[in-house]
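Order as written gives the chain letters A, B, C, D, E, F, G and H; numbering starts at 1 within each chain.
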């Protein structure tokens, strides 16, 4: 039996099996998305809130492809540039999804898609008061993380790098500090480009990793989804196992004594 | 009568109720949320509320996103 | 069913299930070692050649702890500083192990335990002629790798960093170049300190990773062994999946169209 | 005559000779500080605002050691944790220094000394209205940088790493983005540990670098001050010169033709 | 007067003013080269050995552009793939240059231009016996460096990255180890792409840096030459000055006491 | 009379003017700034303003900082 | 008679065969290799070769290593 | 007579001395080195050595390199 299985993530009282959270955007089709979700082992999946296409009913709804018994939906407020918009989308999401969870994004800039932290704090205040389980997408600023915590978020989700950039964790020191200071789970959100990026995030002590483009944009999304599932588990176990210290020089792994006579 | 749904003009039965409208549009009730003139309409009230000419509706659902 | 399972490593005609090779040194005891080997999923395990302790027969032999049906033994020539010594140990290993495989080490310096490449080439020449399956421990020099190939080694094993240092792959560019030029399997040997190091090695396209201290020296070797097994699979799959390109700026993962009216 | 000498930095209409800004804290004595300032070539020097020691008049004042003809004083609001405090210190500094320049710091956390960006924006609003030349110490968030610009700061001063940490630029991608988006000078403030850190900051395109501990805390502050002066010039020139692109493989620097006959 | 001026490099009894060594290849013309050499401050310049063009006498000779009173010529054996060729070019160079110095290159691979270390050792043995001052271009292998030292080279010149790649020091740990072990000067040769790369090399404790493409290939070679001259001095001084230790968290540079009353 | 300067009780001449106080404390006028009961006192008014018992003063100058 | 095994002097039965020696030392045949005076002794010849006084033997096996 | 210089056939005066050849080719003596049939010819012997038909010469100098 594998070790570390008793190591369960809990957010706002909800036990979560997998420390990999995945998005549902940018897949070639819903069949591909379903397979990717399945093999990734993820339980929490993010979705966006958009208008129904009333002129063309043909298009199947995303939710037909997602087994709600198996997955926890985490609606986002992607595309919102003001606190008002983000609050409006969060409320629509709650109405449509019958769940209080929201990945709160208030974007501050089109090129980086970095958050507008001022507006994020305003929106967080309102939504927490309305009983939402708020998981805010923020930058890697420990001061922001603490302010969000003080407002009552369920977790903080610092970015590792710009959304979809695939640059990996640009500032591991900040992520580590955020985790050391945090009293709520820390989820690295955005920037993961390949498996080792996810492993590094977990080795820093983070509680989970959220990604979308890193999987959906890979040449073979299914394989990458499997890779990410393994990578997150590997990073978590390595963190729990306690790595060896780094040294500039070598230490033999075979015994020095017992050599035959020269 | 004419209303605006998701930004497009649309002819709908006079004083249609929202619940009826959702059927009329062949949408799945449990998958959508509705805003009427910028206020969210709680699902449980869809049976009661009927539209007036010129009403502005937003009907949303979940799509793939990150 | 997991993807990539058809992706089998083959060395000298031997099919190998796991791309993680592990050492057997430095464990607290043979029970701990057995569990670590088991959970790591490794099939190839390295061993050292040393004198039998004839005064104290009590000590159980390593091989009592290793199921030879399950594992492929890879004897090393650790501790040898000359071609002559390395050849002598390889021959003893063959005699004791009834196998032709040898992890050929000729150490050139005590502080770094880096190879003496001149002597390594000499020893390789002799042992290949004697029918050994030679897997040489070398540095990350593409020219050396090609010379070893030309001498008929079964694989090249460039170091990622000094043995036991835990520094991870110090020169990814060299490892990538070695792999691009190689016509035999490339196995990163030495330097892995944590799971992400192993994942990175595999993402560079390497065929396998060999480690000992990274697992045996961890605070919880069993958990780290599991982490390394997952990390190697994650890295391999990510390499096969084809990662997204890196970009300085962001790309949205949620659709831009379909926003509700302001 | 050296190239690049016509490359002058200008902040709020003030022409500034040197792109190295230095602090005056933590020196062994004012003689050491004077020599360090002198050899660094810096023109802008930061100072802190503190109570006069009225019980012990013996201590010479800092300003006795700084030739105000030669140096531009940049008072800071170090130690302030609220907008109110920072505003108060800025006003005191103006009254004492007869200058409108202020390095505006509003600290958000004791362990990282990272800024409280919300409070920083409030203080900036007030001080700009009062006619201060505000140079805000902020984190490496491009969105914050733009908000500060929009409030009318004279320059933005993103941190490279925690004050006094010596970690160097932790997130070069963010610093580059801030510079690409900025319409005012960008000065990397905090985190420089050694000369190459300063060079890297300038190579990213930044307009200047501000440091204190990296010089005053070195074993030989005078030598490090000289090193930093050279490093900043080197980085600036390299940026202007336009570096060669990076390649994984080699290109000969000696001609291929004209070899003698084999 | 600048500090560190008494810090003179000496190779084979020859005192050398500047720790920046530069190549003479790939310039737009000899005027540009002259200016670059001049502003770089370099004293040792490398040249290649090639056939005279007897059909076209128009072409001015390189040496017409280099003041031999000012510069120390370091002929290389670039383009040689065997010990024999390298020895032959070294002898021709001595005959043409009336100097015993040679930058000994024996290339092992066309794509990386990495050295053939076996052949390099052979050529070194012969040339040292013939009284040459041998400065061998080698890879970053501490074992090779020691073997070359034992053969009597005047300095070792490990590569930082492939020639002309501009990747900078790929394995700082190896370079540091080589320097710690070396009893002759260590000169980083090849791989420098921008000023900070040169600074880093010197901060590792190296005695000098040799580059060509990094300067000649820049968009503005003159400016980059000046940058490199400053960068090498900055790195050297920073090394001598003794940098501050790295810390994950902050330390204030302004005093904690003396704050005014709240 | 008693006032508080930089947090410390201090006896100063009755209704001393700030300009006089600075001399009394042997401070360099052009190097310091003064807060009286939390309000900055412009240098040019130092001649005019005299202290009352219990006044709280902060007198600051520049020190080494980063 | 006296021989040297793994660097230690050892008394063994006169002209003992290597196969017998392995039993005498209670070692597992299939786990060890033997050098006699610096030459490897093939396992299949252990029955035939007997030791002489002063012979130097190295008997090795596998131990944990990386 | 015909010799080969730097790989190219070349007509030169019969039994021309190397020193003369360098002048003939308008090269700067102090900047070049000469190989005759794969052996370096020391500068001080250029006056004495004269070429034979079919001789192979390499004449090199320094060019820009790294």
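Here, a residue touches a chain if its C-beta (ideal position, glycine included) is under 8 Å from a C-beta of that chain, and two chains touch if they have at least 3 such contacts.
Just so you know, these numbers come straight off a predicted model, no measurement behind them.
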Query raised in the report: Which chains does subunit C share as contact partners with subunit G?
Result: A
Report summary line: Any chain touching subunit C and subunit D at once appears in the list A, E
**Report entry** Chain whose Cα centroid lies at the greatest distance from that of subunit A
**Finding:** H
Query raised in the report: Taking each chain's centre as the mean of its CA atoms, which one is farthest from the centre of subunit D?
Result: G
Query - Intercentroid distance (Cα basis), subunit H paired with subunit B, Å - result: 96
Query raised in the report: How many angstrom between the C-alpha centroids of subunit H and subunit F?
Result: 92
Query - Length of the line joining the C-alpha centres of subunit E and subunit F, rounded to whole Å - result: 62
Query - Numbers and ranges of subunit F residues touching at least 2 other chains - result: 6-7, 35, 58, 60, 63-66
Report summary line: Multi-chain contacts in subunit D, i.e. residues touching at least two other chains, fall at 23, 25-26, 48, 50-51, 53, 76, 78, 92, 111-112, 114, 162-163, 167, 173, 177, 212-213, 248-249, 252-255, 258, 260
**Report entry** Touching chain combinations (by label order)
**Finding:** A-B, A-C, A-D, A-E, A-G, B-C, C-D, C-E, C-G, D-E, D-F, D-H, E-F, E-H
Report task. Sort out for me which residues of subunit H touch subunit E in the complex. Result -> 5-8, 10, 25-28, 31-35, 40, 42-43, 58-66
**Report entry** Complex contacts: residues of subunit C adjacent to subunit A
**Finding:** 2-4, 23, 25-26, 39, 48, 50-51, 53, 76, 78-79, 85, 88-89, 92, 111-114, 162-167, 193-196, 199-200, 203, 212-214, 216-224, 226-228, 230-231, 233-238, 240-260, 262
Report task. Could you please specify the touching residues of subunit D with respect to subunit H in the complex? Result -> 252-255, 258, 260-261
Report task. Note which residues of subunit A are touching subunit B in the complex, please. Result -> 23-27, 33, 46-55, 57, 61-63, 73, 75-76, 78, 91-93, 95-97, 163-164, 190, 210-213
Requested in this report: Would you tell me which residues of subunit G are touching subunit A in their complex?
Outcome: 6-7, 35, 56, 58, 60, 63-66
